[in-house]
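As written, the chain order gives the labels A, B, C and D, with residue 1 at the start of each chain.
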Amino acid sequence: MSVIVDKDTKVVVQGITGYQGTYHSKAMMDFGTSVVAGVTPGKGGQEVHGVPVFDTVSEAVAQTGANTSCVFVPAPFTMSAVLEAVDADVATVVTVTEHVPVHDAIRFVAVAKAHGVTLIGPNCPGLGAPGTAKVGILPNKIFKQGDVGVVSRSGTLTYEIVNAMSEAGIGQSTCVGIGGDRIPGTGFIEVLKRFQEDPDTKRIVLVGEIGGTAEEEASEFIKGEVTKPVVAYIAGRTAPPGKRMGHAGAIIARGRGTADSKIGALEASGARVARLPTDVPGLLAE
Amino acid sequence: MSVIVDKDTKVVVQGITGYQGTYHSKAMMDFGTSVVAGVTPGKGGQEVHGVPVFDTVSEAVAQTGANTSCVFVPAPFTMSAVLEAVDADVATVVTVTEHVPVHDAIRFVAVAKAHGVTLIGPNCPGLGAPGTAKVGILPNKIFKQGDVGVVSRSGTLTYEIVNAMSEAGIGQSTCVGIGGDRIPGTGFIEVLKRFQEDPDTKRIVLVGEIGGTAEEEASEFIKGEVTKPVVAYIAGRTAPPGKRMGHAGAIIARGRGTADSKIGALEASGARVARLPTDVPGLLAE
Amino acid sequence: MKLFEYKAKELMKRHGIPVPRGVVVSAPEQITGLSAPAMVKAQVLTGGRGKAGGIRPADTVEAARAVSSEVLGMEIRGYSVKEVLLEDRLNVAKEIYLGATVDRSRKSILFMASPDGGVDIESVPEDRILMVSVDPLIGYQAYVGRRIASFVGLEGEQAAQCAAICGRLYELTKEEDAELAEINPLVVTKDGQVIAGDGKVTIDSDSLFRHDDLAQLKEDLTPLEEKARALDIAFVQLDGNIGVIANGAGLTMATLDSINTFGGKAGVFLDLGGTDDPEKVKQAMLLMTEAEPKVILVNIFGGITKCDTVAAGLLEAMEERGIGSPIVARIKGVNEEHAREMLRNAGMKPASGLSEAAQLASQESLG
Amino acid sequence: MKLFEYKAKELMKRHGIPVPRGVVVSAPEQITGLSAPAMVKAQVLTGGRGKAGGIRPADTVEAARAVSSEVLGMEIRGYSVKEVLLEDRLNVAKEIYLGATVDRSRKSILFMASPDGGVDIESVPEDRILMVSVDPLIGYQAYVGRRIASFVGLEGEQAAQCAAICGRLYELTKEEDAELAEINPLVVTKDGQVIAGDGKVTIDSDSLFRHDDLAQLKEDLTPLEEKARALDIAFVQLDGNIGVIANGAGLTMATLDSINTFGGKAGVFLDLGGTDDPEKVKQAMLLMTEAEPKVILVNIFGGITKCDTVAAGLLEAMEERGIGSPIVARIKGVNEEHAREMLRNAGMKPASGLSEAAQLASQESLG
């Protein structure tokens, strides 16, 4: 089994006629995902890889039964696209788009929550459950089916770690890239909760990075609620304090938010913390 | 037992220093309600009937543990008052104020729902559970403790019917006046659901009126979900069609919304419909 | 509060919705700056203007003057035409229905749209009407307009114009506190412009405190209705001869239902609402006497309204003007004992229950 | 994007927040229309201006010119002062802290306020700071301002002014897409005015597409940082001698962590982000060579970024400019076989894993 996606997942790709939308729709289908519809305003009636394109999400949902949206539209239009998906009553929205204005994210994250929609992202690679479905842009080849649930704030670093796990023979139940933006729709805790409840997830990998206090908060949750073994890695241990490293998630502020604070909190929660991403498979195997 | 209010209900009165707020705070206390706080901006530190007044609801909640708000502030400020109560995490907000702009109501009803707050009103008399608590303006003397749950769109007509029941020796578990505005925070169905679940409610009285389709929708719900006997009365059977009768709830439009449509739907649901308000006790007794 | 077409179009124009160039006059000699061909449209707050001859074409300015003088002063469904709107005549290629209204069931603003515009929307079959509810937490988003434009069969530039109009109609509805904002027909002209052929806007009268401009508008009311409006009471004249004063719409209607059972018939429906001001009660009573009912039935169940307040207002009105009609008074609720005593001291016999009061009033009205 | 104080105050003024009258100059002779006494304030994007002598009083216009010429050209924490703001000096009765920021944990705009203004807010004890989160579905409401005004100890007219400023600061934060909007101190003057003594605003750079006015502002960047900004890549100069190019902040940081383990030290942190444009990769490589690292470590795990795109950009850069530094390239993910083949054909030896690459680069850098 898996979390967030399952065998009934039917994906509508918002922005399917764009370069990324087209490319990754194909990749999702190659993974085995049921991509049933695309949406691009003004391009209704076209097809992409045999998938029908609609003008609006509500039409796509009505005609194909899509229940999960994957959003590739440019940042200035992302808020409207996410709200459209929420309004069309899909269960899950995965927002890949990066550089979404933070005040837009505050708004659509709050609305999605009020509607009970699971929103992953923005600025996230999405999620993949080997053997079930992938929604997003994670490379297909890194996966191997297994019993480890992976949750990560990072994109490419997740690929690195998942790939290393697969190469070491350790498979995954579901890998969720929650995204590195300041206002993620779904955080560590929501995904940890699902992994804890998922009978097919036996072990958990958490990948964090410096900045913010999401890892510290996740540690509290692990301590109190997670009984499955957790291995963690925190990127940025050697990043110089106060430097902005690529995105706002990496601004180091005050005491909390540093690598030391996060590693300390995770260790105190009972998680084992890897020094390097490549150490994760070894710790899992122990 | 009772619905919406219980023995742990602690009321904060918003607008307590106004004439209505002061008068009805006293009446609620006389009923046996635990009125623990009042709020009037700029009047924090005063007392009304021995109840402390605060500048904001969040202070009132923090210092008194209030979990239910009763709103008496003037219509232009009602939206802000309701949102303040919702933001301060009370469980229930009863909004007595009438003449609230409908677009304000649309907004705060949606926000209250998203926050899981039970909102009664606007433009409602509130609710009373004899022996437990009253939040609102229903006259104390009409009640008698018993096993009938009353839900009504009307104010004074509710008093009429509840009074007639009490005089006939038929008591009430809880009487909920959901208000006659077009956008009520809580509708018939939500209250019927609670009555159905409440072990101390054995019979239900529903008081509706012409206009809108709330009674028709309630009938569907009664048919499907309510096993307890329902007696109903619909006001406006002899009102001339097309005339605006006092408030917008009484505009007759198209086929549905007429007294005939509502009475027909209720009878089809298995409810017994009284011809006159004074007939309700008789039908309950049968 | 219903607005005249010209006022509705003024609001639409202010919110960026294209409307025909037009001028409003109350006399033909006021017509200036008009270019023919034109439409002459009676300004009355009722439907069926067209059928009644209140909407007529005029090919020249001269003809427009002549037609205007015919239309001005017409009676349409009981309303006399005091003003006409003269507009550029549109070259109609297609007529669409577009409306935004407050939807009780969905608790939101609801768009209704149909490719079959220009006719009564109630006569359009359901599958030709699209209803799109705007989630209040989401607000209007561009996809709403796209859905509507597509449903009504527009493409390209016309679809874009229609979608933009949807956004502006939503903005108008919210910002002007409209209960209804309707464009029927929304016209697509032969040269590809999308423009409001008609405009109907009803403003939520509870919102007038924040719309000074709208609050000053006059409504088309009878003199008694105007007085009632000023007192903030609901007052409706009916066919019978019993004047019913009650508090709350539900109780007032229930009182009507009750007298009906005893053979009586209401001539006035007067809902006091919630009040605690004896002066308002007194004014309501004086208003009632102007309608000259054969008998007056007062049915009050006090909550916000205290019974003694009502009694005081009642007695003041009787003192100020010798009220000819007999009064049956039934007063219950907060301070009822005091109120009954006041009425008894004034020589009246208060009824104790609604049925009893309804029966008494009905007998009196039939005798 | 951090704004200079004068620009921040310009925004505040536009949103109705009172600020002192002021003028910005880059040379003393530009000072006109100033009334003394004044404050002369260095415009640099760093804290600690006061301690560094960048904020000074001037009792006369003459003195203001003299002080300005001293402050202009000063170095404050590595930033040179190119402009000064001259403002009316305030008669300070009380200093408050007021800030609005994006709060990750609460996923909302958060107000922070303290009666202890005028000092570094991080030095204020927690119980002297009020934090009020604005629920995004509720938005700013008047009670937020009332809570804040009461917490910072204001009453009556001053409380009303402070509450109004809170509302305007929220509006500024939302409408200008600010990540941070801070007034420290918010001054209450001896004659009872509440006015922004300082202003700090950081704009969300992801929002600049909708803020033409702000997008044109220059930031205080080093030449290399400016180039990186133009390319939309994250570029940070560090102390070591290994130039690290990776894609994604997390992976780039993990690469730094990895070389650190093998004794290496990064001299450049270059995060390509997600790209699929060989030209961008090429430009990033050229930028990297300008920083003259001893060895360049390329670590790409392709998702949106395809591996062959990176290889193509890499090879183009090497072709265009003979790159002196040895390159360790580790490329994984979408189209990796093709990418590795391209690199091998060009005579490079691609590393297969992150650890191996980090070890190779570190050895090279130490050798």
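Please note the rule applied: contacts are C-beta pairs under 8 Å (C-beta built on N, C-alpha and C of every residue); 3 or more make two chains touch, one makes a residue touch a chain.
From a predicted model like this one, the values you see are computed outputs, not experimental measurements.
Asker: If chain C were absent, into what connected groups would the remaining chains fall?
Answerer: No chain C: one piece.
Asker: Select the chain at the greatest separation from chain B, using centres from the mean of Cα atoms.
Answerer: With centres defined by C-alpha atoms, farthest from chain B sits D.
Asker: Determine which of the two chain pairs, B-C or B-D, is joined by the larger number of C-beta pairs in contact.
Answerer: B-C
Asker: Just curious, how far off is chain B from chain A if you go by their C-alpha centres, in Å?
Answerer: Chain A and chain B have C-alpha centres separated by 44 Å.
Asker: I'd like to verify one number: the distance from the centre of chain B to the centre of chain C, where each centre is the average of its C-alpha atoms, in whole angstrom.
Answerer: 27
Asker: Taking the mean of the CA coordinates per chain, how far is chain B from chain D in Å?
Answerer: Whole-Å distance between the two chain centres: 53.
Asker: Measuring from the mean C-alpha position of chain C to the mean C-alpha position of chain D, what distance in angstrom results?
Answerer: 56
Asker: Using the touch rule from the top of the page, what residues of chain A touch 2 or more other chains?
Answerer: 111, 114
Asker: Where in chain C do residues touch two or more other chains at once?
Answerer: Residues 135, 137 of chain C each touch two or more of the other chains.
Asker: Write out the stretch or stretches of chain B touching chain C in their complex.
Answerer: 19-20, 75-76, 96, 98-103, 106-107, 109-111, 114, 125, 137-139, 141-142, 152-160, 163-164, 180, 182-183, 207, 209-210, 212-214, 217, 233, 235-240, 243-250, 254, 275-278
Asker: Across the complex, what residues on chain C touch chain B?
Answerer: Result: residues 102, 104-105, 107-109, 122, 135-137, 173-174, 177, 179, 204, 206-207, 209-210, 234, 236, 238-239, 246-254, 256-258, 260-261, 266, 269, 271, 273-274, 276, 300-305, 332-334, 353-355 of chain C touch chain B.
Asker: Quick one: in the complex, what on chain A touches chain C?
Answerer: 41, 44, 55-59, 80, 83-84, 86-87, 111, 114-115
Asker: Touching residues of chain C toward chain A in the complex: what are they?
Answerer: Against chain A, the touching part of chain C is residues 135, 137-138, 141-143, 146-147, 150.
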